[in-house]
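Chain naming follows the written order as A, B, C and D, and within any one chain the residues start at number 1.
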């Protein structure tokens, strides 16, 4: 295997660069998950997650990938044959839809072109037409990781309310939580799905459901089979800081640290930092003469930027050159975007200089791979970063 | 929180003491799970697991606790309403049965007294009576973590064969894999269920299904719903070293290291070491005048020893004294054994001196908690350890 | 190289078992040693060391082993040809004397039999005879690491005072600091020499001089050449939290953590814990029918116990058997005690169960190596540990 | 203390960014430095260092900073009053001269303007004039860390030879070893001084003397006092892999890893990488309209670039802005260059994208601090990096 000097740039849109503090927090002996020390930590985490999801209601932690939390959201609230309204924002929305089908649900998929967030107005129209309230849930992806387009979840909530429709609202925040402004309670989301390996800055292996009282009510009569994913099984022991089966203890150590770090920076500062990096990246992309995939202002993602290649030019070839020449991993195009876009992750534990390094790697890669482009993208980005006010810095708790 | 000098003794029967080498292997930056470096590691792990399970067939890795792997074993092979023959070896067998019920299966539970392994003869009789082959699977727990009794899985296999019964054979090896001799292929097991946090010496967060060709065949027509747990979804990308959803990358780093360590020691040496520690522990228990829960010679566990308290004496009070006075976690009695037994874990990355410290903590705890007993248990154990030949040592691969 | 399961027992009298918290604290990126973050940490450390040495005067940190701090103590205060009174407590006192000779000093070595601490009365007599005050310094080893005998430093101070002698008093606390009660200011010590790798629970690589105002005054006219060890060069930048040359930054991270841990436990609790373990060890030794090298009650060390072998029995052979059979490192006999004693380290981050494991390793080793002895030493130790009140536990600072 | 997201850029010219692999290698329990496991490691290190210094003669490791290795080089080879010829390449050469004075040597300091390496011709002239061979040693700094100018050590050797002068040749390679081509044996250097915290990618705390047979011969009659630094004391136990006093064990773990990493990359690739980054940096500096301090082509450093500020503009103010705005540490001007230059470290474990991030931080800092300059330096650098052939990559040893 080739030896590479220096630090690898992991600029896929997640997993993100795990900070040393979190890796080190995880690098401690596993403890008894039924003992008092675990209990203390666990209560602190369960309380702390509320601040991140902006909810006063329970947040459930699964020792599982984000995909598991999608499944959990559905099996806890729905019954076989239930209709679910989903929106085709991109690859991950499509995967979630397929998952619903496998579980025996009947998803209706509002079509999208993979270049915008979900259209709240279209959702509202469909709901208004559903006089019989056959649709039991509306599922949207807050930040579509395959496209870098953000859905206005608050607008979707308003659409449900305007239609007077009782469906549950579910949102996938896997690549937006702790990166892009998100408010579980205020926006009236019933189930928020999230994972550990993006804005939370952890390795993969934990996923989450934040659940509203309405979702908990629905869970009482939901008919889909479940065991591992059962909220009811979780909530009872969680009240005392315990879990129904062995939790992923060392990832929880990291989670406790991540919550402290996000609070130290301040969530609003975190969001501003991600917006800043998104804007700098888009300016670079345009200076290169390339097109940002997301075409709707206001829906640009602070987490990642998907970039369209010129017609007939392979994105994967560019990614290969960048990896081999500059030791940076970029995200590939997924599903129907395969080989047509590449994705720059700029989320998680990240700063201006790492972004400049990232964009330099792209610009150098474009040249080396022979992709038609203008140089000067990095310059645009650093000009923007220089002149834009720096995001406010957080403060560590006094020692 | 109280400050404790020195190293905590984690002597529950899992999670076990994670070796520094494994913690450190996990304490490295997460990498792109779709890149070539991940692929190389992943292929090495998937091949290496075969050596541990003793199988030439696929081993599937879930980013989940062991409970998830129980669920996966069932949903991939069975259909709603299927009959499953299970054996009440203890608390975990009971939980697996409940899980089967939740999934819509119809478990039949052969009764046991929680002090022996599963009775192969009883299983054989029941199967022989099932002329119509309504029973689709036989599920046993190899090492019942709540009791420290081992089931003779090879004998169960022989019972199926003698009855000419086509049911699948499933075995839970969560607390026996890489601790007690186990042979997936040779014993004709169809699905082996395992977890990361015991003999594999990892933190919790990974679990496993080793699957026979017959199990894979059954999977084609299995009617239970599944998505996260789907073998088919896993096997296709696994062939190239990839996963259908984000894997728990850093736990995989640890798994690669664990496989190397087990191979360096040699699995037979690992098993001999666990037997040695089980025997030393039982000698100590008897010297204290206490009773080993497992009452069947030949079924004693090398992973853990459950100890019956004298009538009317609280096991949990003893455990509390031991934790507070000597900073050691012991396993509690589970289910109907609650407060009646305590469990000493002696599995995983463990050696003679740590066992001596462990048994000393128990003996001192018995005295401090006022439990009627004889002293001299530690002395019995160290006499045994002194005179018994040491297990052969492994060798690191030459550098 | 042989593969060994379980944790190695490092029971030499230093380096000691480094706690995970300290290893992890050191496992963070090196920072700019001239920047504000370093400065903050460094000021906190320099202040915190005063609590450990019990001094209000400066403590100087060298990026060096303890041997360097011996040299520093002498070259900063003395001139070529100066007379120094030293006491032959054992091997390390002898090495310090040799070092003094190499530096051009004229040590006078009061003879000892390597089985007691320094005799304050003998020192007092010699000083009283030194009417011309030719002796410029009295150097004693607080805890002689080669013998496990403690010198009553306060008594030595009283002897100097009684003789009205102006010599500087220097004490080597390399294996006693943060393990055995020590008071730099109260006992009127002028230079205290210490190292990182024993009671401070760090890896080796840092050493210390705590210096009195009188020592600083002497430094102004001291004629021995010095550069690296110069206190004056250190003290000026230290006032602002900086160092005259690159400090061992990552070891300083560990030192900051160690100070926090010692304060959390409470120094008096630390001392009581070490005394407890010393007493338990001596009881085991006597039960084995072996002799503790230190023969003076009141001078027994809480850090280590040196054990005399029966005549003609090789200590090194025993140590070899213990290492190979039970993966424990014991200290060897040094100098004239080579092969005649072995030393059990019970200092640093250590607790009752690890001590029980340690003593079990010795007892099993004695048997395996064929050393004539009685069994039952471990039993004596655990009886003592059971019945003796536990040392008070410390508290972590509230989070 | 302010919370900063993302990774700090440590771009001082050492300590350098310690790779995770090395930090993790150090994050393991300290072992017995007199035991067989230590011995094996230590022998491997002592042999491996020869490859890095390019010598077949001994390399001595001190648990000390680089300053200690300067002192060791002098005290082992020289006697009080000996004349030493030194060359004023900058701040560190000046400090070494002061150290020589403190030790009682008589340095003669050939003047330099801190903008070039040492002038071999001037040294040759001075030696030729020294008919009586009063000069006992010639000391030069290979890469002057305060200026970024490299001395042609081979030329200095030739100058000695041409003058037929028997003086010892000593070279400080603290910021060049394992970064800039250096050959102890081939260039006839007698003592090479080095430290752990630069090209060797370790935290500070170890330093080195590579010693020629001629230096060892000189050591036999050298009259300066020494103990800690004594080569003779080191060499005897080193032959068996041991040390005369406690070594800095955990830093040695890191050193073993560093040697493996440098061999995996290949030293020639390491040197080419540093040259590449030096050239890219100088192009950026010139594009900004600023002046590189080193004014002699062929003497430019691959380790660092010192940049002259425009007249009257504070370098320290720029460094403060860069640290506060972009979380990057740059090196300050030292001695007479204080506040007039800043230094960019581009040595150690470093790659193109981190360099691009570094230069972006400088360019953005220049703008934010209001330093007159042209933008476009980063663009120049990435254009160069794009078009210049990539350095060959090394290979890890097969697993």
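Keep this in mind: a residue touches a chain if its C-beta (ideal position, glycine included) is under 8 Å from a C-beta of that chain, and two chains touch if they have at least 3 such contacts.
Given the structure is predicted, the values throughout are model-derived calculations rather than measurements.
Colleague: From the C-alpha centres, identify the chain that is farthest from chain C.
Modeller: A
Colleague: For the two copies chain A and chain B, what is the rotation angle that overlays their Cα atoms, in steps of 5 degrees?
Modeller: To map chain A onto chain B, rotate by about 180 degrees.
Colleague: Across the interfaces B-D and A-D, which one involves more C-beta pairs in contact?
Modeller: Between B-D and A-D, the larger count of C-beta pairs in contact belongs to A-D.
Colleague: Measure off the straight-line distance from the CA centroid of chain A to the CA centroid of chain B, and report it in whole Å.
Modeller: From the centre of chain A to the centre of chain B is 35 Å.
Colleague: Taking each chain's centre as its mean C-alpha position, how far apart are chain B and chain D in Å?
Modeller: Using C-alpha averages as centres, the distance is 53 Å.
Colleague: Round to the nearest whole Å and give the separation of the Cα centres of chain A and chain D.
Modeller: 45
Colleague: Which residue numbers or ranges of chain C touch two or more of the other chains?
Modeller: Answer for chain C, listing residues that touch two or more other chains: 1, 7, 17, 24, 27-29.
Colleague: Looking at which chains touch which, would you call it a line, ring, star, complete or other?
Modeller: Chain contacts: complete, every pair touches.
Colleague: List the residues on chain D that touch chain C in their complex, please.
Modeller: Contact set of chain D toward chain C: 1, 7-8, 10, 12, 14-18, 23-24, 26-37, 40, 62-68, 71, 99, 102-104, 195, 197, 203-205, 224-228, 230, 244-251, 323, 329, 332.
Colleague: Quick check on the complex: what are the chain B residues that touch chain D?
Modeller: 20-21, 24, 27-29
Colleague: Under the stated contact criterion, what part of chain C meets chain B in this complex?
Modeller: Per the stated touch rule, the residues are 1-7, 9, 17, 19, 27, 261, 264-265, 270, 273, 325-328, 349-358, 360-361, 363-364, 367-368, 375-376, 378-379, 382-383, 385-387, 390, 393-396.
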